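Chain IDs A, B, C and D follow the sequence of writing; residue 1 opens each chain.
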Amino acid sequence: MTGEHTKRGSSGINGKRALPRRDVLALASAGAAATLPVFGRPARAAEPVKLGWVGPLSPPGGYAEGLLMKYASAMAADDINKQGGVLGRPIEILYQDTRGMAAEGTAAAERLCVQDKVAAIFGEFHSSVALAEMEVVHKYNVPFLACDVWSQEVTAKGYPQVFRNSITFPLLDVMIGDWIVAAGFKNAALLCEQDDIGLAWRKGVADVLTAHKTPFQLYTADPQATDFTAQVLRLKANNPPFDLFLVLYGEAGAYPMTRESHSLGFAPTANTALFVSGGEAVDPTFWKNVGKAGLWLICENVGLPKSAWNDKTKAFVAAFNAKYKTDPPGSAMEAYDAVWNLAEAIKNSGSTAPEAIIHGLETLHWVGTRGLYTYSTSKDPAWAYHQYMDAPESILQYNAQDQSSFDAPIVWPKKYATVPYLYKKPTA
Amino acid sequence: MRAPDILLSLLLAGLAAAFPFLVNAYWLHVMIIGMIYAIIAASWSLLAGFAGQFSFGHVAFVAIGGYTAGILAVSLHVPLPLGMLAGIVAAALIGAGVGWTCLRMSGPYLAIFTMAFSEVLRITIVTENEITGGPGGLNVPQLFHAQTDLPYYYLILALLVVSVVGMMLVLASRWGLFFRAIRENEQAAAAAGVKVTRFRILACAIASGVAGLAGGFYAPYIGILTPDVASQDQMGLVVAMAIVGGVETLPGVVAGAIAVEFMVEALRSYGQWRLVLFGLLLLLTMRFARNGLLAPGWLAIRRLAVLQGQRLIRGTAD
Amino acid sequence: MAMPALIETRGLSKHFGGIFAVDRLDFAVNAGELVGLIGPNGSGKTTTINLLTGHLKIDAGQVRLRGERVDGAAASVFAARGVGRTFQITQLFSRMSVIENMLVPGLARAHAEKRVVLGEARKHLEFLGLASLETLQAKNLSGGQQKLLELGRALMLKPEILFLDEPFAGVNPYLRDEIIGFVKTLHEAGRTFVIVDHDLDAIQRLVHRLVVMSRGKKIADGPLAEVRTNPAVITAYSGV
Amino acid sequence: MLDYFLIQSANGIVIGVIYALIATGLTIIFALLKIVNFAHGELYMMGGYFGYYVITLAGVPPLPAVVAAMAISFAFAVAIERGLLTPLYSPGMERKSDYGILITFGLAVFLRNIAIIIFGPFPLRPPSFFDGDLVLGGLIISYDRLVAAGGGLLILVLLIFFLNRTVWGQALNAVSQSRESASIVGINSERMYMFAFGLGGALAGGAGALVAPIYSLSPSMGLVPDTQAFVIVILGGLGSVSGSIIAGILLGLSENLFIAFLPDPNRGPSYANAFGLFIMMLVLLFRPTGIFGRHHAAME
């Protein structure tokens, strides 16, 4: 499976090596320094370029995805440093756990900006946390490259410091909505988790469906829920019947939901299609968790389709696989490219000053694992500002059990499609 | 107050006033958050430690204070200071209501009832996202338009001092005596003529109002208000802060809250291990220093000072 | 009757589940009396005290204080109106000091002034021989001292009537004599007492009038000597 | 419509049995130690992972693995009790309930976060007990769910038998009633506390292992059951095992029907958890010691 999946994409690292020993030591020494807050640190000779990473590493945040992004960031720093670093200085990344909580995000960003004096911050996974962090970077004028936050608000706020290299809901939702209309679905059920990600996703898709006059019904559930029997039975009993079941949920909920939906004979069936949004369906642990329930399942893929892979994509996928025994998801690629983006921006403008980095990103023209990166400076629409407008996205549908998402047929959009159909009904 | 207390208080006051100039903006931010928690933990302490009502839903009132101020400011364009005041009133009134509802409960029933109240509130905030912003958060306007946190710092310092000193005065008064009498033995308190119902509700209202004040400050300071303000995790953190400080001395609790907040932030560099370590520290503290770490330390300092020849008059906060 | 009784009940009833703990009890105590209330275990004595001090809700009947109905009022109201009590099992504010235990009822009185109350408290502690223990936590007192402190706390209400629930239970003979002495002194100073106890010997040394209960009903009420020979009383005691 | 109701009810009962299993453990711990175990959801989570590793590392078949998971959970809980809870038994200990709540809260934070490091952050799923689904007309229940409910019921029946008919069970009951009188008849109450916490851990762990193939395992899986268990335990009356079983099944049933029939399908599932909490608050209002509560269950 490729790694360029989605904001929720993750992979099955079996946390044994979650934190290599070397890291622990490094963190421990950093911690020792941090316990003496009042005293400044003496400047060193070969001062590294410090970058700050923010993201969830513990509950209630999306810790699984956060960890993968952290791994990928570390790989990027290693790769850059092997090539001699940037401006002759090595890259050093400081990681901050935000737990998916706004106040933690604020504290993390404050620490990175003020205490650690990083040149730039990147990462994050929760839009609500990113919105809190943005206020801090805006206050201290530190560039912030948001990786995996899909809320349009992040870029729409128009802060000059804030960039985004992931997709955003307006892009994703339009794609999904267009596909639903093109594939001819007549009655959709949208079920999402009741949190910032789920609600923003739902609103976008609902807007597109309303615009196309496609009937739909909205459902939400607690993000911690894992039992969906009653819910699925209710959907199944709906009159008129649903022909499309769209789900957005974190792993812990999406897998039981997929299994229930299949075992209760709701979707994917000849009558009803199942679309699992959010990236769980391209996770390495996906098939282990859902088994045959995943056959004919549809999901989006925010990575570069395999046919469009460049050398960097191939090299990164291979290296990630070798190191962590799994394919990197889209969020990991975003994190990997984000470090490179920042390094390129610093290199091109020859300085780590905020204005230099911002200028460097605005004028960036660089090919990474997810294609050619450029950041828009247009404010029309507002969310386009500092947004990676060409962020890749496509829709795939599995046609075999245990299929790699790399090999699954791409059904949408037409420019990437590998099969002539838009949707294949499961055969009985 | 004994002389060494006064001396120490003066020293602390000086230190507090000079603090922003001794540290960088990050640790100033940590201090501000620590003081917000200090208000919450101290008010919880008044309720649980002194009035004997072990609430596990106190953070709900932080949310009520914050969301009242935030929603009023965002939806109705009410000025923030007015909104914060409304938040305090709302929290105190709802707190009194909750206090009235659980008059007949005690011990674990009270703890779980209040926890349920705060969970229901949190779920409601999450679900009614048209009004509350839901899990995506409510963007609250700033209180000050300054480039630094200095105004926030001095405001929260003032609020902390006023609320904690106010609560200490309450506790030193006959109300405080009645709170403790009710905590110790409700039946005996009634037989002694204490209006148990009135004072139980009063304790709830005071503690909730103060928690609402903390919430009202928190909302514009962080700028975004999310439902996890009222999560059980937050509640546990507040309880931990109070216990580390020694529940039955408010200055101890304040010190405990600030110390725990600094510790949680200092552990930040440990990444994923941070909360593991935090849990472990909590376990070890509870297991081996049950009366908290700070209150016994403070008492030791005071005893030392007293030994220096201070003539003592009985204090009430033993 | 020109003056209404100090405290009076009419048809007082209380049941727990199907069992009547107190069954249509009529009972009056006049100011200045010293009444003993006795009866076998489970005859409803403690329940009666709890009903007469607002610690239990009345199912039926009335309680009048100086002719005024007070049933349904909270225990604190009874206390405020001069009805004091002790408990069968001593109920103190354990983690509060002796003096604080005394201050609670004192300060709970309307218009109480702290300085005055403190003086009264010290006076009562002096009287009860607890003056030297003022700063000790109540839980650190001996059992007997705790009983005395509970009595002292009730005195802080400036009560007109005091209900003592088993003051002699589990008390050594020396302390028993001491308590009898205190009650006598207080009674002579004008306080009204109702004393529940199984220690008939101590009761006889104290009271002038005896009320006997059995199975929630009053079976005898009158001067000491008269009640002692009442056949119903003898049956009730031998029957249980 | 009747069909729909029956199908939804059947599923509700299946979930209810699992709820009951978790809650009985909590209630036994409360009855004996008089503490509210805030780490109960984490014991449930650990039990699930114990089962998973017994299957994947030791090659034990799924059903015996549940028994193994219970045994390991028992030992794990006993170790926790020995290490952290013994101060509760010292007679001079003040504020026992505070201690109990905080120490178990700290334990929950610790376990939840170290689980991410040890077990990894991604959901894991052990193999099914039996593949496939039972189809009876409109009623479809996966065999995994049937096994979980059946296994849960079996454990509950054995538990009731154990509590009522064995010496150890009666000793547990005696200590829960009164520690003093139990010690008079020669019961070592401290050993009973240890045993009760182990038993509570084993029940939670068994529940975790039983639901693993249905829900998959994740480090944060204990959060919701924790709250549900509180609700059940209160509804059933703290300390009452049979009350917890009845309340657990009722809660599973009513939650399912709530989701199935609530008019506003958009908000319904979101309020599903609040529903149980709300019922519990109402019950507490009118019966401050729960529906089946014992009156003496006040915290010491």
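Points to keep in mind about this one:
By definition in this document, a contact is a pair of C-beta atoms (placed from the backbone, for glycine too) under 8 Å apart; a residue touches a chain by one contact, two chains touch by 3 or more.
It should be emphasised that the depicted structure is a prediction, and the values quoted were computed from it without experimental measurement.
Under the contact definition stated at the top, the chains bordering both chain C and chain D are B.
Of all chains, the one whose mean C-alpha position sits at the greatest distance from that of chain A is C.
Inter-chain spacing, taken between the CA centroids of chain A and chain B, is 37 Å. One simple way to say how far apart two chains are is to compare their mean CA positions; for chain B and chain D this gives 32 Å. Rounded to whole angstrom, the centroid-to-centroid distance between chain B and chain C, based on C-alpha atoms, equals 42 Å. Contacts with at least two other chains are made by residues 18-19, 57-58, 60, 63, 67, 194, 220, 222 of chain A.
Looking at chain C, one finds that residues 95 touch two or more other chains. For chain D, the set of residues touching two or more other chains reads 112-113, 116-117, 267, 270, 273.
Under the contact rule stated at the top, the pairs of chains that touch are A-B, A-D, B-C, B-D. Residues 22-27, 29-30, 33, 123, 126-127, 129, 134-137, 139, 147, 218, 222-226, 228-229, 231, 233, 262, 265-275 of chain B are the ones touching chain A in the complex. Contacts from chain B toward chain C in the complex involve residues 174, 177-178, 180-181, 184-185, 187-197, 314, 318.
Taken in their complex, chain C has these residues touching chain B: 53-55, 74-76, 79-80, 84-85, 87, 91-97, 100, 103-105, 107-109, 114, 135, 153-154, 156-157. Taken in their complex, chain D has these residues touching chain B: 30, 36, 38, 83-84, 87, 93, 95, 97-99, 101-103, 105-114, 116-117, 227, 230-231, 234, 238, 267, 270-271, 273-274, 277-278, 280-281, 284-285, 288-290, 298-299. Listed in rising order, the residues of chain A touching chain D in the complex are 10-16, 18-19, 57-60, 63-64, 67, 194, 217-222, 224-227, 229-231, 233-234, 237, 251-252, 255-256, 259, 263-265, 283-285, 288-289.
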